[in-house]
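What follows is a structure written as structure tokens; I'll ask about it next.
All chains are identified by letter, namely A, B, C, D and E, in their written order; residue positions are counted from 1 within each chain.
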Amino acid sequence: MDYLGDLQAFLPGIITAVAGLAVITIEALKSGHKSAYWVTSFSLIVALFFGIQSLGTPLQEAFSGMLVHGGIAAFGNVIILLGTLFCVFLSNDYLEGIDHNYNEVYGMILFATSGMICLAGANDLISLFLGLETMSICLYVMAGLIKNEKQGAEGALKYFLLGAFSTGFLLYGAALLYGATGTTSIPGIGAAASSDLLFLAGAALLLIGFLFKVSAVPFHMWTPDVYQATPTTLTAYMATASKAATFMAMILVLSRALPSVEGLDWQAVLSVVAIITMIFGNIIALVQDNIKRMLAYSSIAHAGYALVGLSAATPEGYSAVAFYLFAYTIMNVGAFGVVAYYERNKGLDFSDVNNLAGLGFKKPMMGVMMSLFLFSLAGIPPFVGFVGKYYVFAAAINANMVPLAIVGVLASAASVYYYLRVMVYLYFREAHKETEMIDASFLYKGALVILALLTVYYGIEPILPFGGLMELITGF
Amino acid sequence: MNPAILEIGPLAIPVWAIVLGVGMISYLNSAAILVYAERRIAAFIQNRVGPNRVGPFGLLQPLADVLKLLLKEDVTPTHGYKKLHAIAPMIPVITALLSVAVIPFGAGLYVTDINAAVLYLLAVASLGVYGVTLAGWASNSKYSLLGGLRAAAQMISYELPMGMAVASVILMTGSLSLVDIAESQSMWWNFFVNPLGAVIFIICAFAESNRTPFDLVEAEQELVGGFHTEYSSMKFGMFFLAEYMHVFIGSILITTFFFGSYHLPFADLYIPADMNIWLKGILDVSVFTLKVCFWCFVFIWVRWTIPRFKYNQVMKLGWARLLPLSIINFMVIATIMYFTN
Amino acid sequence: MLDSYFPILILAGIAIVLALLLMTLSRILGPYRPNKHKLNPYESGMDPVGEARERYSISFYLVAMEFIVFDLEVVFIYPWAVRYLDLGLGTFISMMVFITILLIGLLYTLKKGTLDWDLKTNKI
Amino acid sequence: MLEIDWFLGISAIMFSIGIIGVLIRRNAVVIFMCVELMLNAVNLTLVSFSSFHGNIDGQIFVFFALAVAAAEAVVGLAIIIAIFRNNLTVDVTEINLLRW
Amino acid sequence: MIVYLFILLAVLAIGSALAMVINKNVVNSALFLVINMVSLAGIYLLLNAQFLAVIQILVYAGAIMVLFLFVIMLLNVEDEEKLFDKFRVKYFLAFILGAAVVGQIFYSIAGVTDMLPEISSNMAEIGTVEEAGDVLYTKYLLPFEMTAILLTAAVVGALMVAQYKIKKG
């Protein structure tokens, strides 16, 4: 075995895992020591550096076929690490503000990231399963972080029970696929694919497991409660990095393990799920007063848009999904970051949209930032959200799935209402009570500004003359 | 299953059946003998006489004990779960008996040789935890429940260093079969090459049997009788039986893993390979029995000389000392073995 | 292969029968004259106070949790211990890494008061 | 002799019993035990396929599934303890969970 | 002989699974699950997976279920008074779903039984410790190390969730 090559292939994952262990050791020896946070940020930056460096290398196998690296998997790593890095920046201040700044949280984030990297590059059902579970278990813990209040533990229990339930389905699916083909390797399954019922049942159960993890509609019921119960910046982490990792794994599985065999029409299934998800997510989001629940339903809807790209099942569609995940990660982390800032202020419950009234002018920078991210989430040009949606719908149309694209565009248009509603409250309503607003720290603001810049930059990048990100992705 | 067949005249009896029968009888009798031995030795240590009324030298005392237990009233406390209360004492006896299957008593004298015998022993031992936990739960008494939980926590805590100590033996044998482990000690006993592992294993065997200095479960001053406070009659007798069977098994395992099983020290040097099979069998079994008797004696000796620990001391010893120590011992031996081969 | 497990089956059968036998013997031979005070749970001669099934320190849970982890470690170590001499340096190092990671977890839990039965944070 | 569909049949029935248990029981601990039952059923499927295909991958998969089940048990029961501390119950209908 | 053994174990497994689901008492449920796991270990033996059979007992019955029992006893979880007190849509849906899964899987299995091979003849060697050791640390190195991370994360996380944190400052 080529151990050095394997280490290099999984380098970002190894760096995060080792950093996680270091954080745990620091916490064990010196409880509450600040260095844990710096170790976390530094390791994530280093891992991101290596991740970016491996962009553009061809897709290769490592760890005797357990893992792929390079290609689209490398891009997945970059998205995950980017999302994680910004979440960590935002978390430090936010958790300090709500008195929950435990070092273990960083350890959990790092372990989860390591699991995500394993998941996003999984080339075997076993490594896929372990990566997914490492990620999920850390997320269950994060959901239960605020445990001295009822809500936190409830959210965690709900997330956990349903998550474990869906794990059963995913595992059963994997078992049946193994039974039908005699191998657990994803390309091996693709090569031995047949249209017998065992294979189809396995594929169906595996998809159910995946759809649960990305909170597509029939399997979404945990999302709003969990997102509401979790500390906001960690919600951002849950909503972006974990979804990105799961979608990346889905891309790898769908494109390589489930080729178009007769009788297995997962494209149709996925497009139906995508339609329901988009419609349902957007409609429920319209009536939400709690801004975190609103963002939760919006993230369900966004999973629907990404599923549109997946159901196109073309290389173009897969690259569109990858780009969409990138776009979604930066704008959603940003949006949650601003919400977290508002929420930290005591006096009023700022997760209620009514209480945001008039805050836009009071803290102009945060107001602008919030509007920018929400515009982007709504898919209004010239922000990155628009570009992402454009690619996804274009891929659907090119794959002769015009109705799907139309539903997507309509749903997206409907979503403008609830995003704008927040802005209306921010700018066009009178504040009913004067409250003191704290100042965000320099790092917090800096992270949000960088996210905003990225949102704008990648929104206009496709029309810039030099090579864009999308060309890079399609090159894989 | 041991393939060997013993032919006595017209009869052809498979060896495994004989070993099984003899092994089981000696397991069951061991308890009776140990009860008597314990009383006599305790009396000797404490400068008393001990039981000497029933039969010559009080030898029939265990029989009288059993008879007494059988004739006592069987009481289940109110609000206790009757069925669980009855099932609980059976579990430790059954699990104790199950371990007889994989132990070699002499060259070729074993019931069966399975591939994962060591893990089988650990698995069977880990099932024994249910007996004490359920006994505590079903009794509906504060002392019982706390005693049961304590006993269970203590048993699982000491299973780990035990497992790691055995792992360091497996490093040298390269097999999980007890027959192979016994056979590999014909020259060097494992105690000579791995003394730290042996010491850890012995301490864990003491703790697993829940006897002084580790008898926190029934620390009389705190918990009355521990998990069997509410037990009487033969139900209590079965816990009693299981305790002595655990002492016996502990001695057997110490002997098998670390003290050469049925081999004399450096047996290869002076035991001829072509020894008469009957002679060899008798030699093996008597060597084995002697070693086991010695370790049983040590168990009793320790019980009557060393005072009891505190509960948190016991747990700390298990988790913070023995477990890391056994793991480091394992790693060191693995490293030495790896780089000398 | 199944043959070698056959004696264990027999043994289990005998053990269960034996245990049941002892149980029934005492049922038959012993007297049975229950009364209210005899059936009360023991509490040093007093009438029992409160519920027996109280709630205790979660240290019991924490110990069992660490036990699971190291039980799995043992399970993963045994096949390695059987084969490691034939498998090369990479395998050797990877097992050492595995053990070290779990030891860090153990260090953490011990430092956080797993074994401290009276710790305030360990109350339910 | 034994045929594979017998084993798969048992496994499927156990899996369904697990599903039904998750859906009808109200005690969070029991619901979790039903999930463990489901995982067990899957393990049986994996082992029987492994046995019939004659390769060990399925058994190794069970190994890791065991480890995952252990980790899930550890975290899940910790969450149940936390929720019990807040609500003094583990009845999911009283915690307003699982609104289907 | 083997067939009778199989039937015995299968009945035991399914019966204990059912009993676990319909028993009101939580401790009894847990014990039925233990019985289920032990009988599954027996079925593994019939499939020649001897190493896994022992592991199943050691890890599931000997460790995981002990943890369950501990938690049940520590929390003193009460019985569910009414399990089937009145007809609920939920129960109906649950049975429909369960039956659907069974039916679907039976259907898929029935469709392929002819294509699947007989029990492999080299299986007796495959289920041993040595075979597992050969692949576990070479081919499956990455999942193996991930397991360590997973377990450590689980321990740290569980400790964090289970302990009552006293607020800082």
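We take it that contacts are C-beta pairs under 8 Å (C-beta built on N, C-alpha and C of every residue); 3 or more make two chains touch, one makes a residue touch a chain.
For clarity, every value in this text was computed on a predicted model and none was experimentally measured.
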Pair joined by the larger number of C-beta contacts - A-C, B-C: B-C
Farthest chain relative to subunit B (centres taken as mean CA coordinates): A
Whole-Å gap separating subunit B and subunit D, where each centre is the average of the chain's CA atoms: 34
Computed distance of Cα centres, subunit D from subunit A, in Å: 27
Whole-Å separation of chain centres (CA-atom averages), subunit C against subunit D: 21
Multi-partner residues of subunit D (at least 2 other chains): 8, 15, 18-19, 32, 50, 53, 55, 60, 63-64, 66-68, 70-75, 77-82, 84-85, 100
Multi-partner residues of subunit B (each touching 2 or more other chains): 114, 116, 119, 122, 126, 137, 145, 149, 153, 156, 176
Residues of subunit E whose C-beta touches two or more other chains: 2, 46, 48, 50-51, 55, 58-59, 62-64, 66-67, 70-71, 73-75, 105, 109, 116, 127, 129, 132, 136, 138, 140-141, 143, 147, 149-159, 161-162, 164-165
Interchain contacts (touch definition) - all pairs: A-C, A-D, A-E, B-C, B-E, C-D, C-E, D-E
List of subunit A residues in touch with subunit D within their complex: 125-126, 129-130, 133, 137, 140-141, 144, 147-150, 153-154, 156-158, 160-161, 164-165, 167-168, 171-172, 174-176, 178-179, 182-184, 221
Of all residues in subunit B, those that touch subunit C in their complex: 1, 16, 20, 24, 69-80, 86, 89-90, 93-94, 97-98, 100-101, 111-114, 116, 118-119, 122, 126, 137, 139-146, 149, 153, 156-157, 159-160, 163-164, 167, 170-171, 174-176, 224, 229-230, 233-235, 237-238, 311-312, 315-316, 319-320, 323-324, 327, 330-331, 334, 337-338, 341
Interface residues, subunit C side, partner subunit D - complex: 58, 61, 65, 68-69, 71-72, 75, 124
Residue ranges of subunit D touching subunit C (in the complex, touch as defined): 63, 66-67, 70, 73-74, 77-78, 81, 84-85
Subunit C - residues contacting subunit A, complex: 88, 90, 101, 104-105, 107-108, 111-112
